[in-house]
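You will see subunit A twice below: alongside subunit B first, and alongside subunit C after that.
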Partner chain A sequence: MVKEVPEKKYPPEVNYSTVLKGMTRTSPLDTAFHLLMAILLITGLIIDLLGPWLGGWLSSIRSIAHGYVGTLFVLVFIVYLIAMLFSKTMRMVLTVTNYLDFLLYIILIITGITIASPNKPWVDLLPGLSVTLSPIAQVAPAVHAITTYVWILFAIIFPGGILHGLASVYLISYLKKKYKTMREE
Partner chain B sequence: MKPEDFIDNFGRPESLWMYACSRCGACVDVCPVYEETGDKYTAPGFKIKKMRGLLTKKLLPFLGSADTESVKKVVKGLYECTLCGRCWSVCPYNYDLVALWEKSRESAYETGFGLDPLLQMVEALIAEKNIFKRPHARRTDWTKGLKIPIKEKADTIYFVGCLLSYRGPLKPAAEATAKILNAAGEDWTILGDEVCCGAPLKYSGGTKHLQELMETNIKAIESTGASKIVFSCPGCYRTFQQEYSKVLGQKISLFHVTELVDNYIKSGKIKPKGKLEERITYHDPCELSRLSGVIEEPRRVFANLTTGYVELPGNKFNVECCGGGGLFQAVNTEKSFDIGRKRIDQAENVGATTLTTACPSCYMTLSQAARRKKSKVNVIDFAEAVASQIE
Partner chain C sequence: MEYAVLVDPAKCIGCRGCQVACKRWNDLPGEATKFSSEWTNPPKLSFNTYTHIRFKLEHNEATGDTKWHFFNWRCMHCKTPACAEACPVNAITKYEDGPVVVDQDRCIGCKFCVSACPFGIPKFDAVSEKVYKCHMCFDRVPSKEPACVQSCPTDALLFDTRDVILQKARERKEELKGYIYGDVDNKPLGGTSFIYVLDAAPSVFGLPEVGEGIPPTVPVIKYSKWMLIPAAIGGLLYLVAWRKRRMKEKEA
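For the complex of A and B:
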C-alpha cells in the first residue's frame, strides 16, 4: 500500500505555518505531544519564576493552563508511549536521550498528579490514589520543580527536547529566509 | 581520513538539521532502499540519528570520540540511497532531505570517505567529461548515419546527456527525440562540445568539480544564441534549473522533452497519427515528478496517443522509485534491480504491455529488471512512444 501525501513544491518552502500543517497532517499525536509539552514548560516556568507577581492570575494559570493542560498531556503521553511500543520505526529513530526524557516526564507526571490531587473530585473516584501518593505528598512540589530544571539542563546539553526545539526554531527561521531570497532571485 | 573531519565539513544548517529532526520515523516507513535491504543504516531517520551521534560526540568529548568504522557505516548508508526524495515528501517539517543527503555525500567525498565506484566516476568526469570514462571525442558518435544537426547557431539546443550519448540501448531514445524536434519544425542542434551536466558530481559528492563542467557547457550554449534547451534526462534538467539558471538567467527556457511534446501537441506542431488501444503505463521519474513538478504533461501526451493508458500504483508525486537514482546502482547493483523488479511486477499487475518512462536512468534500470525477470512488459522511453505515433 503506497502512502499518499499531498503534492508539494520542491525546493520546499519552510516556515512556521508549513511545519505546523505538516506535523498535524503527518501525526496529530506528535503535534499534540510537542504542543502540550511546550505549553506546560512555559506555564511551569511562569508559575515558578513569576509566581509572586502574578497575583490573582497565579491560581488560574496553575489550575487551568498548567493543571488541565497537564491532564491532557498525561493522556496524550500514554497514547504516545503505546504508539512507540508498537512502532519499530519510531524505536529505530529514538535515542537514549529520548528514553531518559520519558523517564523524567514520568517523574513530572507522578509529582504533578500528587500536587494537584488534594481536594479534587478524582481522588474520590480513585480511592487508592491518595493512599498511593501520600508518601510523596510533602516532597512532590520540590521534586516537580527540581526535575523540571534537571530536564531543562539535560535537554539543552543532550540532543533532547529543548535542543531539538531551539534547533528547529533556528532552522525554520534560516530556511524561511533562504526560501525568500531564492524566490526573489 | 579522520572521522571528525566528516562532521567538521557540515555547515551550521546541516548540523542543526540533525537536532531539529522530530524523530517521527515517517521517512523510514516510505524509504524504498530500506524496504528492500532491511539495513537500518539505509533508513533516513536512522542515518540522521547516527550523524547526530557523531556530532554530539564532537561537541561533548566526554561521551567518547567518533571512530572511523562508525563513519564508514554511516557513509555507506548515505550512498545506499536513490535520492528519490520520498523521505522529504513525508517529512512533517518539510525539510529538504535531498539537499541534506547531497551535502552529506559532499562531506564524505571531501574528507576521503567517498565510496570507490563513485570516486572512479568522479575521476572519469574530470578526465573525459562523462561518467563512463569513454573518450570525450566520441560523445557525438551516436549521431553517425543519422540526420542530427550540429550547428553553430540554432534556436533550440537538445542537451543529450551522458547516458544517451554513450549507452547503446538508449540510442533509440535520442533518435526519437530528434524525430520529434524535426517533426515540430524546430531550428535545433546538439552541442558539438557538450560535456556532462555535472549531476553525477552532486550525487557522488564531488560538487567542487561542477564549476569546470558548467563553464564548458555554458560557453557552448551561449555561442549558439539559443533561447531554449530541451532535455531527455531529468537529472540534467534539474541540474540546469538549480545551477545553470543562476548563470544563464531568464534568457534561456529549459524544457524536459515531456513538457515540450505536451506544448507541441497543444499548439498543433505535432499531430499523433491516431490513438492506439495498447495498454501503456508510465513510470514517473522521481527527479521529474516529485522534485521538478512535471506530472501532468506526460499524461496529457498519453491521452493523445492511446485509449489504453493505465496508471501504476505509486504514481505522480507519490511515485515509487525504480531503484536507479542517486547512483545507487553503482553502489548496490542487485538491490537496485530488486527495487526495479517490483515496478515491473506492478506494471504486469495493471495489465500493461508497455512501460514507458522519461528518464534514461529509470529506463536502464527498468529494462534490465524486466530482462532479468523475463517479463513480457516492453520498456521504452517516452520519446520513443511519441515518435512512433507521429507522422
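For the complex of A and C:
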C-alpha cells in the first residue's frame, strides 16, 4: 500500500506561537531562558525609556520584574550552561550566532550583579564578591546599558540577527517535518 | 541665591554634635557599630546615617609627630551632580540654592547614583528599596542653617551665601597656609556646596581626587539609547520587506 504524503508547505508557517511551541518541544530550559531574557529586556527598556515620565511607578517593575526575574535568569543561565555541556540538543540550539549573544549575556549578568550588589544582604553570603566586583562598580551601569542596546542592534540589523532568525526558521521547519513524519507513521 | 557650607577641620574637636543633630532632625535611628582603628564611628555612612565625623591620624615620618584630624563628612552637594545625571527617573534634583535632593517618591532603587557618585555617598536601603543621603536640610535652608551647622560648637561648620563662604575660605586658607577643597583650588564636579578649608593636603584627609566634569561613563548611559534609532530603522525596513513578501505571496 502506497502511503500518501501530504504536500509540504514551504517555508513553514512561523509565528510567535509556533516558535514558542517549537522551542518548548526542543528544550523547556531554552524557552525559560529566552522568555526570562525577553522580560528583562522589555522591563529594562521601559525603565530606561519611560523612567523620566513614570518615575516612582516603575519601582515594582525595577525590583520585581527586573530584579527578582534577573536573579531567576542568572540561576537558569547557570543550569543552561551546564545543560549545554552535557546535552547534544542544547548544543544544537546554540548556533554560531548565539555565541556572540552568550558573550553579551555574560556581560549583562556580571554588570547586573554589580549594580544590584551594594548594601544587599545576599552579598554577605558570598564572601569576596563585593571586592571582586568593586573595580567595575563605577562603569557597570554604563556597560549594562550600552551592552543592551548593542545587543538590540545586533539582534535586529546586524548579520548575526539575520542568521539567528534563519537558524530559528531552520530549526522549526526541521521539527515540523520530524513530528509530521512521526504522526503519519 | 546659592548657599554653601564651609567645613574647617582645624576647628573641629570631633564632638559628633553634627552627627546627633542630623539624626534628630531627620528622625533617623541609631546604629549598632564597632570601633574602627581610626575611631570613626559609625565607620561608614549608611542609609540612616547621612553624616559622620571622620577621624584621621597623620603621622610625620621626618619628625615622628602624629596629629589627629577630625572633619564632618557627608554629601558634597556638587554643582553638576553625577548622581542626578545617572538617575533614569530624574529622582535627584540640584536645587538653585545648593542642596542635591533625592525624591523618595520617584526613586526606584536602581542604584545607578550609587555607582556614579565619585565620593561614594548615596546609600541603598534594601528594605525600602530606595536610596538615601544628606539633603543639606533643604527643608530648613535658607531660613535656617542645616541642623549639623547649627549644632557645631566651634564653628567648624559655617553656613552662608556661596560668595561669603568663598571669601571666608580664602581668608582662612591664608591663615592656615592651607588648601581649599570643593572650589578655588579644585572644583570636583564643577564645585561643591560643602567647601573644605584644609590645614594639610586633601590626601591626608582621604578626600578623593575628582575631576571638574562628570565622569564620561555617566552621560553614556543616557546617550546609549540613541542606538535604538538604527535598530528602529532596521526593524522598519524588515517590516516593509516582510509586508512586500506577504503581498507577493497573496498575489501568487
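In this text, the second predicted complex is superposed on the first by the 127 of 185 C-alpha atoms of A that agree within 3 Å, B and C clash if a C-alpha of one lies under 4 Å from a C-alpha of the other, contacts with A are read in each partner's own complex, and residues count from 1 in each chain.
We adopt the following convention: contacts are C-beta pairs under 8 Å (C-beta built on N, C-alpha and C of every residue); 3 or more make two chains touch, one makes a residue touch a chain.
Only a predicted model underlies this, so the values are computations on that prediction, with no experimental measurement involved.
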First, second, both or neither for A:48, with subunit B first and subunit C second: second
Partner chain in contact with A:19 - subunit B first, subunit C second, else both or neither: first
Which of subunit B and subunit C A:116 touches, first, second, both or neither: second
Which superposed partner A:149 touches (first subunit B, second subunit C, both, neither): second
Contacts of A:139 with subunit B and subunit C, given as first, second, both or neither: second
Touched partner set for A:28, first subunit B, second subunit C, both or neither: neither
Footprint overlap on subunit A, where subunit B in one structure and subunit C in the other make contact: 157
Of subunit A, residues touching subunit C in the complex: 47-49, 51-52, 54-56, 58-59, 61-63, 114-116, 118-121, 137-142, 145-146, 148-150, 152-153, 156-157
Residue ranges of subunit C touching subunit A (in the complex, touch as defined): 46-47, 86, 88-91, 103, 105-112, 114-116, 118, 123-126, 129, 215, 217-218, 220-221, 224-225, 227-228, 230-231, 233-235, 237-238
Residue numbers on subunit A that touch subunit B, as the complex places them: 2-14, 18-19, 22-23, 25-27, 30, 34, 87, 89-90, 92-95, 98, 157-159, 163-164, 167-168, 170-172, 174-175, 185
Complex contacts: residues of subunit B adjacent to subunit A: 13, 16-26, 28-30, 40, 43, 45-46, 48-49, 52-53, 56, 60, 85, 88-96, 98-99, 246, 290-293, 295, 313-314, 316-318, 320
